[in-house]
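After this come two complexes, each holding subunit A, first together with subunit B and then together with subunit C.
What follows is the complex of A and B.
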């Protein structure tokens, strides 16, 4: 819709957390950002990565929802849980391969990044992409990305053997077709 | 929305609780309320239409039609004729020397042709053994829901003339004149 796509480029992230603050401005979840900026390996590097919802084509959060509370709209945006249905069971929080859904304990409801659906469905940019000074979060036309970036966007991720395709695209080195993450690597970090 | 589900590897519950909003087949409360309102509106319009029609209902008009050869029919014999239209078969029964009765020959159950059985003095439908009294066409036994429509007969000089059709209600007694297929609906002038 409107020809814009969301691109995330962790290599451009400077960790300023402007996106978090812009997200927290929103009245639907005032004070709590739905995007988070993480240090990848704090001990060795200052590199940070912003995590928005990747809006999977076959969203795992919705697959595991026992209350049928998570829905995907026609334009492929996975919405927050529906308040009347969400039973706050945390299934989606545990199942999401990207760690996006947040349990709002006070509201007993899962909320997540919905790509500022009130804005993007009306042709505006998500708040995080409008404030990102380095355009690590970019909501632009695919032609603009192809013209200005050396990296190539990918929407295919591997978590072990699980293949996940997404609506939001991650900038990957031009030589790579897909980003492969072996979750087991992180689970056994520091162990045998 | 398809009426029948194609064979599929995905379980039925996944279809019914689709993740994609466009594929959802939920009937939510608002849709259900809309459905109720529309249906009751339709019922109201239908009832008003029926009421208006019953006010402006036209009485069927039957043209008198002489029954040829009635006098030649023996006592206990029958004569078939058509009344009021060409395709409305009727049966005339001479029950006594000067007594004639006539009914529509279509059984009120499934429109088989009824036959007169003089020994039993009744009209019998052979299809499902529905029996009608020859005196008034009322149902004696069997599946027919209504008595046979009676043809009103009138003697005009030497010939017998059919002048109308009487449709008896379900339980007999009261004679109502109802619409009859083939009857013209011109207003009586």
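What follows is the complex of A and C.
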């Protein structure tokens, strides 16, 4: 859908797994979800987080693929491995900074969230973002997000010194424009 | 003696619960062949009644597609809605009537089964009187079926004892709203929620029990609204609460009176509103005087400063709204709790406007519509009182009988089970109700069922209760019969018949009409379609509180739901009640009603020092008859676990995953522990969707609210110990189903 973007806001997630269940209903992967919802630390909090493919601008999964089996569409959607090329080596599964690709052992192929390319290319919203009852996953126009949400979207992530930019946006507190995931990024290690 | 005719293992092996994991024909079939059509209808699970499209092929539901144009949920669904289609074409589905014989059930024909039910029920009535037979209905039935249950019981069977499983759901709020406002319905459409500046959620696990409402709550916060959550557990929406009030189970009234005290002490009440639009304020104000924040804190366990802050936020906002559900209602003071919410809204003038009001979140699929038109023991269609001579006259005229032919009010659902246990009621017909799992104190319920002289059940799966039946009539799923339901916001919506019942199963209304014709005047049950039932229901509700006269199936489709009351065909419906602060009592005023503190019906003592509370999980619905058979939902929560805080678990030597025995004055059960810091350290929580050894209602007690007759599921006294290992007996899901003929 032209002009629509995908937004993830973990703070809205209620852990209901409607997204996982709806994803699994897709005819192309027949009962197996390509996304997942996790409790962060159930003992201490009810907080949960949904993980979809972030669709990196320069995808690590494609960079590490020895068979050149992972392609990106013109509109920036990183697709599942191409079945004829995939050698089921697991490089992409291990390398993805967000933990998204899955090795489908029976099919000997890596499959992952492709933002419901069959739906979005036909003018429909991705299944997970359509059903999500808390709109932690949302597929809307950027103007709608700017007008309705208090937080603001970012597409920049740091993993240590690696800077990753993505097609999918993560909602972050309004005062910050990047989310660092490594403790080291928060540490003071002596003057430069 | 209605004992199960075979062992639990044998019944489970034959009738489940088995899992269903894939659409009929398998995933390949769905890839190969497109559905014949998409049917725009609504989810069968819970009172949100989300719009959904069902994929239909070869008279079977094979999948779903979001329905983004339906305004309430705009395509959103919870996992139950996503997977609901797996209840169709299920290996456990009852495909013909069953008659109990030595060692099990045998399949039987309709004439034999229906004749037998009619003969046995009439025989009991001939020997013991009309009221020796009772009828149970359910709040997952369409409104047409619910209406028919009431008419069937009163004119077909001729008994006064008809009630329904909504008695376990909305009746405390319904009673309170009727008393205070003169009408039993949430006053605001849900589109008002994002407009509130303060949203006070008390006793409602919104994220798990009404998932779509989460989006409304988050949009309220997006708009700058403050969220207050009062609950013994940090439910998922608590993660974004601006103020969390961790109250002790059963103490909501103290918290609410403490808040009212602060409002009145600080002069924050809306004096003009109180004077112009209410009655009875002075007595309620006097009651609140003694509930200082300090006293409310001592009873509820919520800090006094938090009570002060909540009261001030609520009173000082231009628009504040309260949302409440079973947490408040499942108590022996359930009606008082709801009245206390109402009193708070009336005192602060937070009602009858956009973004302001108190609203109850209905739990069951047709929790609202199922209680409006006559399967409640004390009501006739249109929310009319069965004791009101004018109401009896009106309904008698529509039914073509004398008012004297309509029996007076009968017993409520739990009271019916008590009367069965005492031997006063000897015959029972039950539809859409699984009391062995859903009523409190299941050992008592089982004893009562075993005393029945004759028991007939209408259902689509063999529920645990139906194990005790003499005859089981194979009924229909929601998607197999047209009708209407009423959602939590008072919106009457249209349920489509997506498919017809499989094999020799029949629609519920056909079964009720066939039985009605056998038991009473056939003319009363000459309906050829749900539409004919609806047309009679419209007339029966005409002029009543819940007036459906101006609603038609076509109008619902055109307007995407019609909010009642809708008294005339050209009337647009009533999305928001009490606009201009006009209430439904004859004087147009709302009533402040006093609330008296009473202890729980199952008090703590040295032997039972711990609080037990029960509730739902997001992947299951009610007694689990449907959702315990849907594979992906089973995987979300394969078994119930007991939640307890590390501060309680550590001294008992209990670690996460350990087996724990919970004992109450009724019974004991053993289940695995979830040790979490998200529950009060003096309270344990068990979800109630399972049967047998895993049924939380083994532990709960039969104390009822004196007015609403709702059981106190939310407060029991228990004792917690570490157990050696898991309980014995059949697991929650049976091994794969054996192949079946046909």
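As a working rule, the second predicted complex is superposed on the first by the 181 of 192 C-alpha atoms of A that agree within 3 Å, B and C clash if a C-alpha of one lies under 4 Å from a C-alpha of the other, contacts with A are read in each partner's own complex, and residues count from 1 in each chain.
FYI, contacts are C-beta pairs under 8 Å (C-beta built on N, C-alpha and C of every residue); 3 or more make two chains touch, one makes a residue touch a chain.
All figures in this text were calculated on a predicted structure; none of them were measured in a lab.
Looking at the shared chain after the overlay, A:45 reaches subunit C, while subunit B stays out of its contact range. Legend: residue contacts after superposition of the two complexes on their common chain; A:63 is shown touching subunit B, with no touch to subunit C.
When the two complexes are overlaid on their common chain A, residue A:96 makes contact with neither subunit B nor subunit C. In the superposition on chain A, A:24 makes contact with subunit C only, while subunit B stays out of contact range. Of the two partner chains, neither subunit B nor subunit C is touched by A:171.
Within the superposed three-chain arrangement, the count of touched residues of subunit A is higher for C, of the candidates subunit B and subunit C.
Those residues of subunit A that touch subunit C in the complex are listed here as 11-18, 20-22, 24-25, 27-28, 30-31, 42-48, 125, 127, 130-135, 148-150. Contact residues on subunit A toward subunit B in their complex (touch as defined above): 58-59, 62-63, 68, 70-74. Residues 21-22, 27-28, 30-31, 63-64, 66, 68, 73, 75-79, 81-83, 207-208, 211-212, 214-215, 218-219, 221-222, 224, 234-240, 618-619, 632, 636, 646, 656, 674-678 of subunit C are the ones that touch subunit A when the two sit in their complex. The residues of subunit B lying in touch with subunit A in their complex are 17, 19-22, 24.
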